[in-house]
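What follows is a single structure, and I will ask about it in a moment.
Chain IDs A, B, C, D and E follow the sequence of writing; residue 1 opens each chain.
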Amino acid sequence: QETIKVGILHSLSGTMAISETTLKDVMLMLIEEQNKKGGLLGKKLEAVVVDPASNWPLFAEKARELITKDKVSVVFGCWTSVSRKSVLPVFKELNSILFYPVQYEGEESERNVFYTGAAPNQQAIPAVDYLMKEEKVQRWVLEGTDYVYPRTTNKILEAYLVSKGVKPEDISINYTPFGHSDWQTRVAEIKRFGSAGKKTAVVSTINGDANVPFYKELGNQGVKATDIPVVAFSVGEEELAGVDTKPLLGHLAAWNYFQSIDTPDNKAFIEKWKAFTKNPKRVSNDPMEAHVVGFAMWVKAVEKAGTTDPDKVIDALPGTTAPNLTGGTSEMLPNHHITKPVFIGEIKGDGQFDVVWKTEGLVPGEAWSKYLDGSKDLVADWVKLKCGNYNSKTQKCGG
Amino acid sequence: MLNVQSIDLYYGAAQALRGVSLQAEPGKVTCVLGRNGVGKTSLLRAIVGQHAVRAGAIEWEGSDIAGLAPDRRARRGIAYVPQGREIFPLLTVQENLETAFAALPRRERSIPPDVFNLFPVLADMLRRRGGDLSGGQQQQLAIGRAMVMRPRLLLLDEPTEGIQPSIIKDIGRAIAYLRDLGGIAIVLVEQYLDFARELGDHFAVMDRGSVVYAASRADLDEGALRRALAL
Amino acid sequence: MTELFMIPRALDRGTIVFLALLGAVAIAVPLLNLALPDSSPLHVPTYLVSLFGKYVCFALLALSIDLIWGYCGILSLGHGAFFALGGYAMGMYLMRQIGGRGVYGNPLLPDFMVFLNWKELPLAWWGFSSFPYAMLMVLAVPGLLALVFGWFAFRSRVTGVYFSIITQAMTFALLLAFFRNDFGFGGNNGLTDFKDILGFNVQADGTRAALFATSCLALMLGYVVCRILVASKFGMVLIAIRDAEARARFLGYRVESYKLAVFTISACMAGVAGALYVPQVGIINPGEFSPANSIEAVIWVAVGGRGTLAGAVIGAVLVNYAKTTFTSGALAPYWLFLLGGLFVGVTLWLPRGIVGTIAHWRAGRRITATEDAPDPSGAAVATKPQAAE
Amino acid sequence: MLFVGVSAARADAFDDTLQKFLTDSYTDTEAGVTALGAGGDVRAFAVVKALQDGRLLADPAARRVLIDDGGALKDAATGAVVSPAPPPADLKRVRLNNRLRRAVEAALGALTLRAPDPARRLDAAQAVFKSRDAGALPAVEAALSQETDTRVKSALAMARAAILITSPDAPEAARIEAVGMLRERGDQSALALLSALPPGTPATVQGAADSAAAAIRNRLQIWETAQNAWYGVSLGSVLLLAAIGLAITFGVMGVINMAHGEMVMLGAYTTFVVQEAIRQKAFTFAIPGTGIGFSLPLPAALTLDWSLPIAVPLAFVVTGMVGILIEKSVIRFLYGRPLETLLATWGISLILQQAVRTAFGPTNKEVSNPSWMSGAFELGQLSITYNRLWIVCFSLATFAMLLAMLRWTRLGLEMRAVTQNRGMAACVGIRTARIDALTFGLGSGIAGIAGVALSQIDNVSPNLGQSYIIDSFMVVVFGGVGNLWGTLVGAFTLGIANKFLEPFAGAVLGKIAILVLIILFIQRRPRGLFALKGRAVEA
Amino acid sequence: MDLRTTPALLYLDAVSVSFDGFKALNGLSLTIAPGEMRAIIGPNGAGKTTMMDVITGKTRPDEGEVLFDGSHDLTALDEASIAVLGIGRKFQKPTVFDSHTVEDNLRLALAGDRRARTAVAWRETAAARERMSSILETIRLTAARSRLAGNLSHGQKQWLEIGMLLAQDPKLLLVDEPVAGMTDAETHQTAELLRTINVEKTVVVVEHDMTFVRALGVKVTVLHEGRVLAEGSIDQVSENERVVEVYLGR
């Protein structure tokens, strides 16, 4: 019997396995569930799992293999920006579809890619707004891992903060290498920076492995959320599973989903997830929800198009809606980003987040940042303009 | 009593010993002579177990030890002074001597004073690393180490190589002393004929992996010996 | 005997056979890809052409490592750095070829410079729009780094693990440096989304086939260079240095010159491999500098058989083929077990590597020692005893 | 119950305040908390405390606020247990955010300034110091006049100074005096206060504050050097721990042990298993996906504080056994072929990583700090965290034990003999196979206990080992292969150098600089810091 | 030969070397004239090998002067340069290139261009081949010419090293214990060989075998505790009380 193949391109080994393996499992669950509902277009879905092993060129190779050898109709995958960059040319060349589920630095809109994670305006900016308004923060430490996502996000935030009247000397930007594990100096420096008499907060774009030792050091050096709150963009339930969160009470994270959000959809999803993984302690997180939403949109679009032909599905996707797990309905925008609610959560003692703030309604994802010189004139619109980087000044597609 | 019975030994496909037999009895010195590369060292390596034999038997004190690991042979009283000394370079002289305790039961673990009587230089250099000693000093250390084991079979591979004359005499005296203790069977591989002739009770000359001449001191024919050596 | 040290000796029968095989692959794969229709059972799909092209580049890298490790005993745990530098040089050329077709449409600056708000092209990027200049850099940058690094290290007589570890430190330092956006080479994302090479679309089937054939040619050339080196007196001295460096000095050989020469040649070879790799996989980023990559390349050589040039090539292809196969399908979650098991198994059962073991086994039958199968550990090699003759 | 009647007006005010907790608005809640803190009602403490602990519940339907007192619901206004208890669905926990938490702390401080327990009073005084809540001034002054405990007294005085210095209506002299007190205090919080006086502060006060701030900054600069040195020592101890096992398997035995990091990881996972067993009060073992397993109850009295004393020997045994297994099955075939060990141990490390990933899952595992390893203490202006302090001690102790073992025990002597000349060692009667296995087991075991320590500061994930392997080799080689002292000095040198570079070069450039320094250093000393010299080495 | 009229080929003056405070050479002075053969004896640990290490550049002296051929300061040169100047050495512990054949070991030792630059294009001449064959005859390893040197017995390696020294064709040969592990007959042959070599070359031999030293019939220097204890003919030094006491024994 003929099936529709769905490629899953997440690292199951190497440094990124820690985050990406979960996404593979979610995809398997979603596919199984869809098949229980009778599949798609009368065919069963078939998952094709490969392991790009946290190796960026291997991502490209595996993407190519999925599309040409396995002939998958769509691929759900990638976590780091570099892995996405690595597979981009492949998806363009072979005209296939990638759903990318992780918050990222923006500055991209490709015909073949659908971005279901947050753009900077759906995470970073609201978080900073919250701190300015609710906590009256005047002094900022932008602490990040040294790579593109933090660098770009911090560039945007810096421009944004300055536009809000923050003085440059009240912004401190610092980068540490991947896997940085000795945070003594940095945490002491944050304390020092925070002792200038102005309310100070840390905006953390620290990624992956470095987070656990960072929070452990914060806890041990007694940096309390009431003194210097830390708001993180890459720390979710999964990352917190590795730390004792009691000393971290009140530190923040900004996401478009939290496991603790109390809606019927979310409850049902968590139950299914725990049953599927046969692990009552398994947590859920934001990129997982992005896959849930993305998958639902893809299913709808295929049904609408009546085929899995990439061109037709790509055309059908913008405007497609799907319920997100937090009670709203996300829509795929013409720029291939989606609308999302933004939540600010405070860390609780049990490793979960307590939502302390959320946006009114959903925030549409912006591919190009208003706060960067290079991109402030760019517009992405694959429906009318058929262009990912339309320059509204020169009125030309192509930057 | 050591009784080596027609052993064969190979390095890979190359045969180094062909049907070699040799006896050594307590209180006697058995000398093995022969030119370079004829298999003298290989014979000793076979006896101590550093290289397995492919055929033949090695009987020691009544049982065949050909299948035993070297450390078990050492614990049965076989001590070896190898060619090239093989001391432990980074251990001090004292530690080098103490390694030999491994072959002894716990209460016998002491360095016999004989060692320092015979080789006073070792007493002077107890704290120096073995590898820093001069060639001759290392040779003395190697013999001393074997003596610490209180062996009943002592195998010496060219012990005079690189040794100053006075100490060669000392070593000769040491071997004679050990022989005269009566309980030790000694196998001495030598090139230095005068030295060997002075100490030996039995003689075996090897050539190309076999014993080509054997005699005991009483019926030693000097001419035949020299001829066998010059072969 | 009379022709001992001449090129013909370098091109012995094994070498000719090996080169012929490589040549056949270089022609056959593109042909089967371009000339046959998709439906033909013999058709080689394009993705396999790129995949094989990648293997061939890795084989050249392995060959460069084997030249220094197998023959001169220099274990570099940072050879990936030279590979990556060659790759970056090529990547920079490819980036400049994009011109105004980047997402921001800036004709001069690559995209990553635009969104980081850079106003002009950094000095290091100058000239890279010229292909000949870029190719020169492919050789010169790794070569120069190797020359300077080697000059210091060999002159100070840094050997053994000390050398291995400082090469690792070198590649690690470069990894961190290239990660930094400020460094000007695209940070963690590296260079990607290439369009043209020499005016041809990098993604076109024809270009891919040509790149594959070029890689094969480079590998053949590299192989011949290595053969000539190791079959000459130069190679004899390398082996002498590997066995007893001090002794070679007392014979009057300036060990550091030999090491420096071979190290630099090897680095250039690695650079070429990197340069050919980049357009075929479509990305170069700092990950290539990661110490694990360099160690892996050493592992390929060990698997194939160190000190046998063909072994390096075969090891690289085999391990990478295994990786490709194991990381897909049902085996994907367990592929590390298989690969790890392969490495352990090879060391235990094929101690000289695949080719080394075969060569050794054949040498045992031919009795004399072969040039191509020196015994790396210096342990006994079966020979007929002198005494028996 | 008693005081309800005492003052109806006050009761009303209190009740009104409580109403603010019903609206689920942070602003209202904050107003409520502040009012409670300032009002000084006897019942206020219980309410604010309950809020802090998340035990304050709003019952909007009945317009009352309840306190969850261990299951019993009490009315906050009357203190009476409400019955029947309203259905839980109708109740809403009054929520907190950081801003509120600060308000709560300030209120609690004001409310407990005269608590009977001096420790509580001290906390209260410090809370007021932090909040600088002008409203608390009368309470502080009242408390100050009656306080007898000297520590509390000085804390109260400091709190008073903090309030005075920021309040524009305080007399100038008092404010200048406050500046003096803060200058005395000389820490970062004093600096923060001094450098952020409200606008409109008189020039005299401002001038005094500026000079005091400058003085404090100077003093802190000196402390900073000490702090960096301490950070360096503590990073060095981590490096030492990571490297010390490798100093055995690689330094002493010559095995290029790429699986070393995985031994560290196994040690960390052992810690996780121990903690998990303590949390579950049972040790459970199950082979994933098979249903095979068993469960072993633990004495309930075990707390997490015991987890490390249990984990250290256990990790030593577990990783030691794994090490012995590896030696017996693979390494022993490779002696005399050191480079092949690179290949085999690399394979083993892949297998171990994936095995752990399969058994425990790919994500981080939670390992918490026992209470005796949590927090920090101040030494002058040095802040020393307990976990780092313990790790420094632990690494030195491990080092000393290992050194003593190698130097002075028979086993140590035999280990060294075997690794220097295996063939000859056998000929003097040493059981080489056993010694080899034990040596590799020892190195692995030490790596395992290092893993226990590292689990306290780093991720416990399958990648843990990978992140230490390069550093470990650097340390061993930098110090000089085969020399334990070299490993010690190497680790601390690199640690301290790193920590002095980091503040001004940044972590990334600092790390690059360290690597370049290592490369250059090796040129000067091609056999490491503590190179073995002499012909013994060449022999 | 008269030292005052002939400039020395090798000149050591007040050379001292110490290892961790232990003086292996202690103000050693020695002069070797061109064409001379000198035997050096002395107790184990007297510093004979250390002296050779100093001459060949392996060990740097703490103080003292080492001159070769009147003008070359050996303490400032590295091993390779010293070898190229024409000083060859046979080590006490035989060291050969294990994974090269016997023949290739000799080939590498043969005098000629040592530069890396020219090594790739290097070709063997017929003369060189002949010379190799004759050396192989001399050291009696002709039959073993294509065996790997690593597989030779101890004594065979000794011979190979001597062969390599011959092939190197140096001006000055430093020979450390050449007859250790040789039979009496071989010892005689070696003495013979060295005498032949000495016709053209300068030779310094270290040996403990008195028969051999006597057979050489040359001037003998006795080292003790890092300095010269006695010098003269073998008979002269054998009668020296101190030499008997520390070295020869009674």
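Observations on the model:
Following the convention adopted for this analysis, a residue touches a chain if its C-beta (ideal position, glycine included) is under 8 Å from a C-beta of that chain, and two chains touch if they have at least 3 such contacts.
What you are looking at is a predicted structure, and each value in this text was computed from that prediction instead of being measured.
When the partners of chain A are compared with those of chain D, the chains appearing in both lists are C. The chain occupying the central position, as judged from C-alpha centroids, is C. Averaging C-alpha coordinates per chain places the centre of chain A 37 Å away from that of chain C. Chain D and chain E, compared by their mean Cα positions, are separated by 65 Å.
Averaged Cα coordinates give chain B a centre that lies 29 Å from the centre of chain E. Here the CA centre of chain B is 62 Å from the CA centre of chain D. Counting partner chains per residue, chain B shows two or more touched chains at residues 11, 14, 37-38, 132. Shared interface positions of chain D, defined as residues touching 2 or more other chains, are 353-354, 466, 508, 511, 534, 538. Of all residues in chain C, those touching 2 or more other chains are 176, 179-180, 246, 333, 336, 376, 380-381, 383, 386, listed in ascending order. Looking at the complex, you find that chain B touches chain D at residues 48-50, 69-71, 74-75, 79-80, 82, 86-91, 95, 98-104, 129-132, 145, 149.
Per the touch definition, chain D reaches chain B in the complex via residues 410, 413-414, 416-417, 420-421, 423-433, 482, 532, 534-539. Those residues of chain E that touch chain C in the shared complex are 56, 58, 78-80, 83-84, 88-89, 91, 95-101, 104, 107-109, 114-117, 119-124, 129, 143-144, 146-148, 150-151, 164, 168. On the chain D side of its complex with chain C, the touching residues are 256, 258, 330, 333-334, 336-337, 339-344, 346-351, 353-355, 358, 466, 470, 473-474, 477, 481, 508, 511-512, 515-516, 518-519, 522-524, 526-528, 538.
Across the complex, chain E is touched by residues 11, 14, 33, 35-38, 41, 83-84, 121, 128, 132-137, 139-140, 158, 161-170, 191-193, 229-230 of chain B.
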